[in-house]
């Protein structure tokens, strides 16, 4: 059976692109997203047309048992999960405290923190039995600093980062590579940033970043680093790295 | 009406001692703990015998509405809450991933992260209206690094720390002081560490720390720093500080 | 003999004010600055008029042997140095790489890093023999992040911070308290910020910070925290804390 | 002319191996080390036998003008320096404060901090004129925490890290990629760790790390990550990453 790269959160930005890249590297890409069967089917078809293996799975990660069942199904029906990309964001935009509902705060935690914990519970025992496995976690600036209006996002991502460290501490010696990938810039992703800004605003942002538009982070290029991290030899593992465009200001700097 | 110092988590260690110290400084100490009416009554009586004002409140902070109602009651019946000490821990000892239940993980978040968010929602609007207020948050090493077995605790405390930062970013300019107090050592607290180690083990630890037993962190001494932080002039606020005994190894060091 | 608080860098801002505060708390304030005999004499006279003990010492800290001789002289002629405040800054304003001379870069290191190392060498052995002592190090945002144009300052302060940690690791168990005080805001200091901005610019900044001018960090208020840190019981030491005004943006935030 | 990868500190561990890897990727490897002409010649011969381009340069990086002249010579005689690897360590083992001489402390700074500053001054203007360039800086745990006995090393590496950040802040927008690579484990390097431990001790350590000896960090595997970082597209740059073996404990963890 072919090794599987499971992507939780496989939209048109980082997730889907990373899945496609791993498929090209020989993995079966098991792609999950909450909605959008058509887009998912199109992505699977594209990968298969390219000679790769892929499958699409609609998944609401916050549903009880959803992640756990998916992991079991993939392991049973497709193949051993060698790489997991946890790519669920929890950004809800800047909201003052009084406009951040309990429900939004809890949902942030369910997606960003608890979902990762559930995934780890579901997927790591089989990896441990095999003596290897990789868990790549997309993260955000909010994991390392809480900005105004980011109550839900920062609490959720801060929890995610510490969880990645405790997972690494327990499982690195057992051959499981956990990496916390800090995305500290604007991604050229129509599905997330694009929707947040609207079509016109997004296009304006793109153009403000120069002729090659690479002042935004290009998902195809990001995917190269995801793949590299997954392919690092176990004697040389990266647990945490940041990623941003040359034109982004690092989170610790200001103008 | 007298200014109130509300302590969420007022046991025999940090919380109760800090409450007593603030009472001596002129605040009414509103002391909350989950169980132990007798101990609570005794603490209130002790403060009153000392000439201070205090009240005791049994509170299960994770119950829906419990924190919110308490805040409203204190503001209405006792006085304006000038200082809040959020002192609920979420340490459950080191547990491997497979022995960390979903329930334990969620409870950690409810106590360490969501409880603070609910408290902030309940108490900050009145502080904002008054143009001042102080929120002192006891935190732990797990807020800055995830150790093996600390999945629940680290995720919960990491979320707490980022939340403190986002609260500070929104409310410092409005006169509200949020401080994240990183307790990075063993506290001489019979209620928590003592119970975890058992009476004999706790006594042995105490004695291993030298004749004055001050190799453990003494709550009476910690309370002085809590009070100092609350009394800092608004032109000189500390948002984060660490505390440990001279004989503790800082979390970033190793032997 | 009276316990001494030695202040290296005792100008009209933090250093001199902290010295005055410690004198009021019963220490002999040994005040050092590079130039300005008259201002130094005036400060000593003011402290003495207030009933305190003080002495003034012109000192070019980067001169070979200058710090070492001063420490010896103070220990011999005045009294045991119980507290040292290392308050030499090394800010030279923002300068592009090509305008940062080797000389400026080296001078930054000599003042901010090497000077502290020399001071530690000179003063800690006597403290160690006495089993106690306090080293308070004023530091800056540049110790935790390198901003554009801050090559010299950031390299120097980053070194200073790591040195504080290694000193703490070696000497805390021996009863010596080392604290790294991160000043992360604009200080209301005519000698430093005032000279950098010019009289008019400084006054404009002051007024922009509101009617009580406490949007700038007030040295008198900062001195209270310096004193508190020095007075912490050894079971409850702070190694690192940040300080900023309620109206300053924390270094990790942006607008 | 062929693009050059200049390696400052090209011994038998990370530096030489990285140089060899870049040569295989098409760069001319300009390899510098302080002593060991024979080893250097052998490495150059090995690269050339492999079909690559290389040159060897003896260089005492702390000599006045040495780095500057080398950069000029390479740019003039060999080709444009597209990548620089600054790989000079400054570890002198654990030494108590009183056994850390002023000379050792200063030498640490000259190698770890000032040398990088001088290199940046020498090499960045030409990179800036070309609109691209990469500066890979090998760093150590001491850059992020000061341990006991690490006074010289920690101060030097802490300065190095902050300098990398200020260089990144100024030059990333100009197309120059600066990466701070935190080596947080024991490298299988006979020249450094091997010499420190002695032949027998080093062999014992190797064997303690398991049958494949990959509990030590293998330089050949590290070189893959150095190359990946240099090849990242400018829309997706990593500024900081850590590297350790699966069997190393991360610096923030303890047993």
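We call the chains A, B, C and D, going by the order they appear; numbering starts again at 1 in every chain.
One rule holds for everything that comes next: a contact is a pair of C-beta atoms (placed from the backbone, for glycine too) under 8 Å apart; a residue touches a chain by one contact, two chains touch by 3 or more.
Note that the coordinates shown come from a computational prediction; the quantities given were computed from them, not determined experimentally.
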Equivalent interface positions on subunit C and subunit D, same or different at half: same
Chain centre separation in whole Å, for subunit D relative to subunit B (CA means): 45
Distance from the mean Cα position of subunit B to that of subunit A, given in whole angstrom: 34
Where subunit A and subunit D are represented by their mean Cα positions, the distance between them in whole Å: 31
Touching two or more other chains - residue numbers and ranges from subunit A: 145, 147-148, 165, 168-169, 249, 252-253
Chain-level touch network, classified as line, ring, star, complete or other: complete
Partner subunit A, residues of subunit D touching it in the complex: 165, 168-169, 172-173, 175, 177, 188, 214-218, 221-222, 224-225, 228, 232-247, 249-250, 252-253
Of subunit D, residues touching subunit B in the complex: 144-145, 147-148, 249, 251-254
Of all residues in subunit A, those that touch subunit B in their complex: 96-98, 102, 105-106, 109, 113-114, 117-118, 120-121, 124-125, 142-143, 145-151, 154-171
